[in-house]
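Can you read through this structure? Questions will come right after.
Naming follows writing order (A, B, C, D, E and F), and every chain is counted from residue 1.
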Amino acid sequence: MEILQGVWEVIQSIFANSGYAFFFQPGGYKNLIMIGFAFLFLFLGIKKGFEPLLMVPIAFGMLLANIPGANLAVQYHDLEGFFDLLKGRGEFVGATPGLMDFLYFGVKAGIYPPLIFLGIGAMTDFSPLIANPKSFILGAAAQFGIFFTYIGAIVLGPLLHFTPQQAGSIAIIGGADGPTAIFVTSKLAPEMLGAIAVAAYSYMALVPVIQPFIMRGLTTKKERAVVMGNLRPVSKLEKILFPILVTVVVSLLLPDAASLVGMLMLGNLLKESGQTERIAKAAQNELMNIVTIMLGISVGATTSAQSFLNPQTIGIVLLGLIAFMLGTASGVLFGKLMYIFTKGKINPLIGSAGVSAVPMAARVSQKVGQESNPSNFLLMHAMGPNVSGVIGSAVAAGILLTLLK
Amino acid sequence: MEILQGVWEVIQSIFANSGYAFFFQPGGYKNLIMIGFAFLFLFLGIKKGFEPLLMVPIAFGMLLANIPGANLAVQYHDLEGFFDLLKGRGEFVGATPGLMDFLYFGVKAGIYPPLIFLGIGAMTDFSPLIANPKSFILGAAAQFGIFFTYIGAIVLGPLLHFTPQQAGSIAIIGGADGPTAIFVTSKLAPEMLGAIAVAAYSYMALVPVIQPFIMRGLTTKKERAVVMGNLRPVSKLEKILFPILVTVVVSLLLPDAASLVGMLMLGNLLKESGQTERIAKAAQNELMNIVTIMLGISVGATTSAQSFLNPQTIGIVLLGLIAFMLGTASGVLFGKLMYIFTKGKINPLIGSAGVSAVPMAARVSQKVGQESNPSNFLLMHAMGPNVSGVIGSAVAAGILLTLLK
Amino acid sequence: MEILQGVWEVIQSIFANSGYAFFFQPGGYKNLIMIGFAFLFLFLGIKKGFEPLLMVPIAFGMLLANIPGANLAVQYHDLEGFFDLLKGRGEFVGATPGLMDFLYFGVKAGIYPPLIFLGIGAMTDFSPLIANPKSFILGAAAQFGIFFTYIGAIVLGPLLHFTPQQAGSIAIIGGADGPTAIFVTSKLAPEMLGAIAVAAYSYMALVPVIQPFIMRGLTTKKERAVVMGNLRPVSKLEKILFPILVTVVVSLLLPDAASLVGMLMLGNLLKESGQTERIAKAAQNELMNIVTIMLGISVGATTSAQSFLNPQTIGIVLLGLIAFMLGTASGVLFGKLMYIFTKGKINPLIGSAGVSAVPMAARVSQKVGQESNPSNFLLMHAMGPNVSGVIGSAVAAGILLTLLK
Amino acid sequence: MSPILLDLVPDTSAIFTATLVISGIVIVVGVLLLLILVIKIFGSVVSGLETRAKKRKGDQKEKEEIPMPKIPAPKPAPVVEDGISGEVVAAIAAAVAASEGPSAVVRSIKRKNVSSRNPWAQAAQINNTKSF
Amino acid sequence: MSPILLDLVPDTSAIFTATLVISGIVIVVGVLLLLILVIKIFGSVVSGLETRAKKRKGDQKEKEEIPMPKIPAPKPAPVVEDGISGEVVAAIAAAVAASEGPSAVVRSIKRKNVSSRNPWAQAAQINNTKSF
Amino acid sequence: MSPILLDLVPDTSAIFTATLVISGIVIVVGVLLLLILVIKIFGSVVSGLETRAKKRKGDQKEKEEIPMPKIPAPKPAPVVEDGISGEVVAAIAAAVAASEGPSAVVRSIKRKNVSSRNPWAQAAQINNTKSF
């Protein structure tokens, strides 16, 4: 009898402590909504192909983080909190660290994004930029969206109460560069990390949808039809010197950008040196894949209901879109300027590629260019602004970190 | 002269502090015995093929841990102890952390087993289970061995003084699932980790030896000869939804099973999504291989003479075998029940595959089935209970953790 | 107005805090010199092919560490310092941990070098040593350079103020084994890690330049022309037993050598067992490549101007060269002894291969041997001393750690 | 979330043991029965959706066959298109073995029309592989 | 290094916002203009050096062509040396696809004179691969 | 374990230095001599065991030849079974190079009887590869 009563109590208690029961407690519906969002992002990643390599782990991390009682949400925001959690003291009395708390450490300590940049560097060919350094200007122009969006976030302040740090983290979505956005946000506004990562990767996936309208609206058919000449060949020595020079020039001026730019350029040097193929491949394959999994899951696991389900998230989504559109527009408009200055030698469509989102934005330039002139091959020319956009957003990240940290 | 005396002193001291001298000190013979056990497990892994991918690193870790003075044994049992060790305080005054202490952190923090489950998920095809969800019952039945063995461990209590936590850790050997056993034991009874891991992997390797007798003993020739019909085809959408559904259903009910089940299912989703092949491959290759090495060595390094050379270890070995046999028997008996209920459409031999030990247990079903009827192809049908056994042991692990933690 | 003034102030401040401005501050020129050294080592790695897999990451780490304000130099020397840094206390009040501080943890905790040894073990074929165990003597003799150099470092003491620990770290360069040198130095003299790693890898790359003169000078043409007989075949069982025996014998006698020797031999066992190919490949590829990147960058990041730009570094460079030369000479001279004892059956040229630097030193023996006798194939015979040199330097490392720690 | 705590304290008493064992068995069976239910329901919903989708699209190939018991059967000789010599089949088999491990099987070899792939489809594919 | 600290405190005021935005834009543009300058200068220095080097060596092949816009064009059929049959090309393509992923393209196939490689060059190569 | 501590304190004195150097050399030589001894003893024990094993089994092939000095010799052309064309050899070499790196050498190519492998041996092999 006593045993059956015990069993009954255990089963009751299992149910009472289960997520199913939790959903009926006050506020419990929020976790249910969050699980719904996780499903939405799984759908977008798997069915719609929104940057699935990151979206699927992020969405699954979001799902796990919102299973009540599973202890799979990231519980801390800064390194101090991590140590308090490990020792069960301060605000973490009675808490135990879970899997996601350990995986997230690599985000919080600023380790994963530079390692991903190492891999990206080992995958990137900077030749089009070396052959045509003027592309740097377009890579800079497309970052203006970041700063304009910062204004937007501050203007929305009275409504959504964004701090300057949060505004900066939202603005960096306009850089169209996932690791940079995660790096900056994890330092300035870790409480927004999940929402900003999801927005950044979503808009990067939507580049082919968002950009063409703006590009067509801001250019004439004649401009879009400009055929650009061949790029000059680039020597091996130039390819080797480029990453070293960029590291030195950028890091000396903006030390806060040094982790990102330095690791990007080290990856590229490993690729171009011709002597380090073995570790260049490791950087772009095994290391990058492993870090991608860890980064995705743990970023997803930062999205608690309380940090995600509030009007600020709507602001992030809205401002993120604006940031992307403004970046594209600035790039195209600077492209027009260069069209004028070079007397029609530069096709303004390559300006939109400056937002980064490598290589998709460059492909959009190519595609829109071919609509107006089927014999137009802009891809290689657009790769210049495209890869310079990666450097540009790392520079912008350095400025935001310097002024807001 | 003074120099030669110094040299002589140094050489004497090297010998006096060496492992050779230690063996002649009181209790020193125990390390020698442990090194003998390490040789035994190396022999079993290499020559007998007992799950060599884990047995060889475990045995080598055991060897290194029992080299006196090498500081290659894991010195702590919980996270708090780890931090005390790093700071040389508490019971660790004068101790220095060694290689194995760092590698073992991933076990103690509960990181390695979920990452291995991620890789297993990315390798597993759940189609046979989706096509025939009734297999879940057999995957459940085969876990009964876990709970019956728990009784056994408690009954042996007056002799071997197993605590309930230790009893639960021993019982989970019956789950026939290495990472689950390590995960549970590292939380409930870390002092037994080495012995339990070695027992679990040994019996998993012995599946083809242990199971057939039980299977033949509990079934009639007619039952064993049953030919099962083809499985229905499974659509891609079902394969994608399956891991998401299982995660939600199981994690909500048993939050303590969420790390294992969640990561298993994330791995499977990465495999089935069709969009994330790159990281699915990383999960099942580089990440899993690296974690396997770390896990194996550091689990082996937990086996100090004092934790291994005691009557409890004999109890673990004995009870582990019982757990396996009871699990097999429960699975086959439930298979018989299903044979009766379906009026002979289900071959009871597929029940034994429910213990997990993927894919060996399923192959044993196939082999024993063909003995009675050479045209009998049970393999795919046995894969259903087999993979559901993995989920089943994770569920059982969640229950043990909930009630005993 | 106020805004433009603010902008002007920001820009001024960016410049004032930039590395460019720092170079003009007192002592700032030193960072510039260090960046120059980084360029030199990049040149040596990429253009001259000096062990590029480690030299390029080390040099890039050196470059990043000396960007003023980038916080990419390793800030601590011991584990205690690491925890102080994480908590911003002690000497680290106001400091924040950077990327390199985290990556360097794996060096300081003694994790990376044993993992690299695991990979090296999984790549090494010990058959020539098993077939001809006398080669062990030559692997021992070539380590004499380590101890002679220790005398040199102490003799230079009044000039360069080397402590015994620093002298030991410099001497181990003569072991011609990068991971061993890094392992010993990170424990005995972490402040010299960068300089010693760079010297060790440079001289390893220069083996084909440094050794031939010494080899020709110490041997007669008749000796160099000796043709050695075929090696006996080695059975699979011997190959499996070898790593186990070496681990037991060496670790028992010198527990401080156990991490290095143990992991080297585990790697070799994984390779030879015939059952663990999957993880042997992981050890020699993905794990080793990833650890190589981490090790290289973070060792490079320990080279601050203050630790590198002092007369001691010149001493390291000089003594490192002496260590190499003495090691080569000892090996060759012992080879001559064996030539005499075996009545001309052993070619003394294989003695120089005992310094390790696998497989380059063995190839140098082969090449110098062929100069005197074009039909002379010494490569396989030289591989015996060559791989025994790896074991020999690990043993020497164990002695230095025992006596100096 | 404030967990409703059990007043069960783990001990070696018969009562606790019996409670743990019985509730363990009940819950394991319960959870897996729940999974059967959920999978069956979703299975039929998905089937329904797909049947309707197919009717609209007339697409008969979406369902993927589960490969039938293949281990006991000898490995089938690969299906080879005409005009590809036996040597080439051997070469491909060797190459596949080299890159995929010995357990991979070549099932069919067809000439791939190398020059006519849609470059945009390919670009999209690269994009999914290089996600950054 | 003692940083010269700004007395700017981040807030949501119009002044701080305008300051951040304007200096942000100015600095981004400034840094990238600086990069243009540096790359151009180095580019011409490098070109100068290489031109001289070439004159001395008469080496005309050092410069590497940037592959021209290749995605919109159909993948070119691989350039195949005489005497290698179509089947072999297919086999190699399949092997490359298996080991490199479907986006790799076979551009040219030449018989490699397997027996005449310089063993020392090869040894040096191994040495660069196995660095330890 | 209570280590018997030396009263040697590391310093830069001639005595400590000489002590370290001499004991270092003595111990390095001693350890490696011990290894020679152990390897020799085990080598002869193993040989003895294997000789007896062979006598019983008549198995002459167990011992594996150490490949003799191969680097200075030109890479041997692969041993090719009759009926496999040169093109196929080239294809396999290319495939191996693609998946194994340029330092791999094809030594011999034999037709593998694809359809007659023992499926159980293969299953066992898979089992050793997928350990979980």
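In the analysis below, a residue touches a chain if its C-beta (ideal position, glycine included) is under 8 Å from a C-beta of that chain, and two chains touch if they have at least 3 such contacts.
Everything numeric in this text was worked out from a predicted model, so none of it was measured.
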{"item": "Chain separated most widely from chain F, comparing mean CA positions", "value": "A"}
{"item": "Recurring contact interface, reference C-F, options C-E, A-D or B-D [over half identical by residue number]", "value": "B-D"}
{"item": "Furthest chain, CA centroid comparison against chain E", "value": "B"}
{"item": "Length of the line joining the C-alpha centres of chain B and chain F, rounded to whole Å", "value": "31"}
{"item": "Approximate Å spacing (C-alpha centroids) for the pair chain D, chain F", "value": "38"}
{"item": "Length of the line joining the C-alpha centres of chain A and chain F, rounded to whole Å", "value": "46"}
{"item": "Set of chain C residues in contact with two or more other chains", "value": "10, 14, 17, 49, 52-53, 68-69, 253-254, 275, 278, 286, 290, 292, 363, 403"}
{"item": "Residue list for chain D, restricted to those that touch at least two other chains", "value": "6, 8, 16, 20, 23, 27, 71-72, 85, 87-88, 91, 95, 98-99, 123, 126, 128-129"}
{"item": "Chain B to chain C touching residues, read off their complex", "value": "10, 14-15, 17-20, 35, 39, 42, 45-46, 49, 52-53, 56-57, 60, 63-64, 67-72, 86-87, 97-99, 102-103, 285-286, 289-290, 292-293, 297"}
{"item": "Chain A to chain E touching residues, read off their complex", "value": "127-128, 130-131, 133-134, 136-137, 139-141, 143-144, 146-148, 150-151, 154, 157, 162-165, 167, 230-238, 241-242, 245-246, 249-250, 253-254, 275, 278, 363, 366, 370, 377-380, 388, 391-392, 395-396, 399-400, 403-404"}
{"item": "Contacting residues of chain B [partner chain F, same complex]", "value": "2-4, 6-7, 9-11, 13-14, 16-17, 22, 25, 49, 51-54, 68-69, 116, 119-120, 123, 177-179, 292, 358-360, 363"}
{"item": "Complex interface listing, chain D residues touching chain A", "value": "1, 3-6, 8, 15-16, 18-20, 22-23, 26-27, 123-124, 126-128, 130-132"}
{"item": "Chain D residues within the chain B interface of the complex", "value": "6, 8, 10-12, 16-17, 20-21, 23-25, 27-29, 31-36, 38-40, 42-43, 46-47, 49-50, 62-66, 68-69, 71-72, 128-129"}
